[in-house]
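Labels for the chains are A, B, C and D, by order of writing; each one numbers its residues from 1.
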Amino acid sequence: MDKTLPDLATAVAGITDGMTVMIGGFGGSGAPIELIHALIDRFLATGHPKNLVVVNNNAGNGHVGLAALIEAGMVAKLICSFPRSADPVVFTERYLAGHIALELVPQGTLAERIRAGGAGIPAFYTPTSFGTDLAKGKPVEVFEGRSYVQERWLKADVALVKAHLGDRLGNLTYRMAGRNFNPLMCMAAATTIVQVSRIVDPGSIDPEAVITPGIFVQGVVEVPNPQQEEDLNRAKAVYPEAAE
Amino acid sequence: MTQKLTPTQMAWRAAQDIADGAYVNLGIGFPEMVAKFQPPGREAIFHTENGILGFGEAPAAGAEDWDLINAGKKAVTIKPGTAFFHHADSFAMVRGGHLDVAILGAYEVAETGDLANWSTGPRGVPAVGGAMDLVHGAKTVAVITDHVTKDGKPKLVQRCSLPLTGVGCVTRIYSSLAVIDIVDGHFVLREKLAAFSVSDLQALTGATLHLDGAVADLDVPAL
Amino acid sequence: MTQKLTPTQMAWRAAQDIADGAYVNLGIGFPEMVAKFQPPGREAIFHTENGILGFGEAPAAGAEDWDLINAGKKAVTIKPGTAFFHHADSFAMVRGGHLDVAILGAYEVAETGDLANWSTGPRGVPAVGGAMDLVHGAKTVAVITDHVTKDGKPKLVQRCSLPLTGVGCVTRIYSSLAVIDIVDGHFVLREKLAAFSVSDLQALTGATLHLDGAVADLDVPAL
Amino acid sequence: MDKTLPDLATAVAGITDGMTVMIGGFGGSGAPIELIHALIDRFLATGHPKNLVVVNNNAGNGHVGLAALIEAGMVAKLICSFPRSADPVVFTERYLAGHIALELVPQGTLAERIRAGGAGIPAFYTPTSFGTDLAKGKPVEVFEGRSYVQERWLKADVALVKAHLGDRLGNLTYRMAGRNFNPLMCMAAATTIVQVSRIVDPGSIDPEAVITPGIFVQGVVEVPNPQQEEDLNRAKAVYPEAAE
């Protein structure tokens, strides 16, 4: 069994129009910038994929990564908890112009819905959002005298994930708070594609320290020294770079 | 009935259908033997409910570490690529549809795919373990079972008489006489021992055996 | 109004109530400042929604690691005993009642304990983040807020006019003029700036201030 | 903050009659034998605690650990998935005589109910047990054309847990498949008491390798070279040993 992929272009080749794509990361930490940019490259070359439904905690920052994906016009709908950032202009303009749909989900509910999708739990109850606008239209049930909102699982066709170490079986570790939504999205997507800083031999990762077991992963591509969204934005980077 | 397959032979036959790289959970008992018969060049990855993926064979006697056991409480080993996780993550793998194959034992299997394998009725101490979870989620839920009971009664039936483990969950049966798929609420005979005719088999089966093209010989080495 | 507490002073006051060893989540913005004012001899353990427990202070400029940030996307550091975990585990800590204290900002707080702090209405881009989760689960859900808006209107009200973050969730308010508990659907005045009388405060508050014994002076250093 | 406890007797001192006690382990792996035996010692000395509701995957094996707890007459009810073992005679006799109640729960549902208790999720839906006797009386709902059973969270007053390394903040690691239910039970109990093989300084456990963050733990007691149920049973051990 060898889940390693030769390059980024191969890694994103299976993503087609209209798919639901989970993208890991919380802001820039744990965001698979190179996978996102490879997807933009494919769109610029072929016109596909487009009309994507993207699941991420945020809505991008600046003009790289998720913001660049939105700016390229590839995203029809965003499911997220916090579409604000230091420089959210790309999403904000499209959203206010009605060019992109938004499903706003409380952050803990978003995480739990994704986990539920991966764990075969079609629905669960949470106190979060009870009595608020975000609970409108959702079933409410009382347990032990307290009211809870029924929330549904969230699954995806593809997850694009950033990890730290990975082996050919798909076992993964993460870097610090770069973990965030990544392990959950691995569980919830039919196809999980992961960029890792280094591919190591099976057994190099302590079995106790595996965060995502390989069963949740379909493809692993090595991206040494991955870019950080924060660094790119401080350098005012734009993707793709304007032609000279 | 003398020519029927042994449990070991049933396990061998089941093993032939497991693809390279498949994620597989083997139930306690007969199904555990499937791991021994992986065809050359193929390597399945075995999951055990109690939190190990990609474990290895049993250790030598005396070399057991009793923190490193499978769901049957037997000692196993790690190998390169093993991962440990807790029970909620383990059953996320099961329930969430991430396993390719689950192979279980059976008291009865119905043509509807219903399975009864956890309780022989209200007497004694009931115990279910992970069986009710395992029948949901895996792409193939297969059963290894004698074709008939010790008394010669069919175990493959129209409707289960014993308490159910799951409804409409079994997709394939490796019996001591045949390989049978469950398709749209029917038993479909795929392979049978050459010594048995279709009507012989039908007489030992509690529901109609349907044919869908040729029935292959169920050809298993002596072992 | 010139004597009102600054945000820094409100944060200082809130910090005095955090017990040694308390698990604390501080909302983005003003509440983050609470961490600076832990009284000597006490050490709270800070949780951030994005998967860190027990993180340390901000690193020096230029020493940031952008995989090591808090919920406000600011760089933090690790210290002995830090733990990383994923978002579902992080919100299990929140929703599951494991935090001792959550401190948030507010647009409005009602005497019922209802909080509005995520949306100023239908215009613009809505964003909720972890606020709706944080208001459930912590033993103390406290708010740091100016007592009145920039226009001088009460932020402590009978019923919130803005979209709710949570119903009946706030237990204590650290305002720029007072410390107020919410008990059984009432504002109960615990401390106030000495320069303000109870009736001064009542005039700046949108619901009845109840008294339950003596009202202490809200005494905060200049900072 | 220092959650370390001086000895086993102190560790179990707060457990009172009628409490719900989660006990970690799957069979003998990860079973906190020494904590259980300390609890039996207290009962033998004081007559308390009794009428306990115990949550464990199994029902004990032989005459040590959970089996000994049952044999001592301290357990009124057991919530478990698989009350069979190589030598289940202690539970079996009491159950068939009607002296101990049993709530049988599918193993994955048991794990998820405990996690739900820890995560503030009062109820969830699972395909497991639909159409079976174990779903009787439980609400059923159809999602996307498939039927699911509603299951409720499970919480405890106390969890008795076996971990490997622990620090004074309560951060824990486990040993191999000894992890099993232990991290979930840490989350679901009001008071979680953990026996660890070694107490280490904070920072000794890599923050990436912490399995149970300290927020889920209230007490840590060091038990070097803990006993294994399997070894005890092979040696035909009985707890407490008969008086000479």
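Basically, a residue touches a chain if its C-beta (ideal position, glycine included) is under 8 Å from a C-beta of that chain, and two chains touch if they have at least 3 such contacts.
Keep in mind that what you see is a predicted model, and the values were worked out from it rather than measured.
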Winner on C-beta contact pairs when C-D is weighed against A-C: A-C
From the centre of subunit C, which other chain's Cα mean sits the farthest off? B
Subunit C and subunit D: spacing of chain centres that average the CA atoms, whole Å: 36
Cα-centroid distance, subunit B relative to subunit D, in whole angstrom: 30
Where the centres are mean C-alpha positions, what is the separation of subunit B from subunit C, in Å? 55
Could you say which residues in subunit B touch two or more other chains, in rising order? 78, 84-85, 88, 91, 94-95, 136-137
Junction residues of subunit D - those touching two or more other chains: 112, 115, 119-121, 126-127, 174, 176, 207-208, 211
Drawing the touching chains as a network, do you get a line, a ring, a star, a complete graph or other? other
Every chain pair meeting the contact rule: A-B, A-C, A-D, B-D, C-D
List of subunit A residues in touch with subunit B within their complex: 1, 115, 117-121, 167, 169, 171, 187, 201-203, 207-208, 210, 213-216
Of subunit C, residues touching subunit A in the complex: 48-52, 64-70, 73, 78, 84-88, 90-91, 94-95, 114, 119, 124-133, 136-137, 163-167
Over in the complex, which subunit D residues touch subunit A? Could you list them? 112, 116, 119-127, 141, 143-144, 146, 148, 152, 173-174, 176, 206-209, 211
Contacts from subunit B onto subunit A in the complex sit at residues 20-21, 23, 43, 45, 47, 53-54, 78-85, 88-89, 91-99, 136-137
Okay, in this complex, where on subunit D does subunit B touch? 26-30, 57, 59, 81-86, 88, 91-92, 95-96, 102, 104-112, 114-115, 126-134, 174-184, 211, 228-231
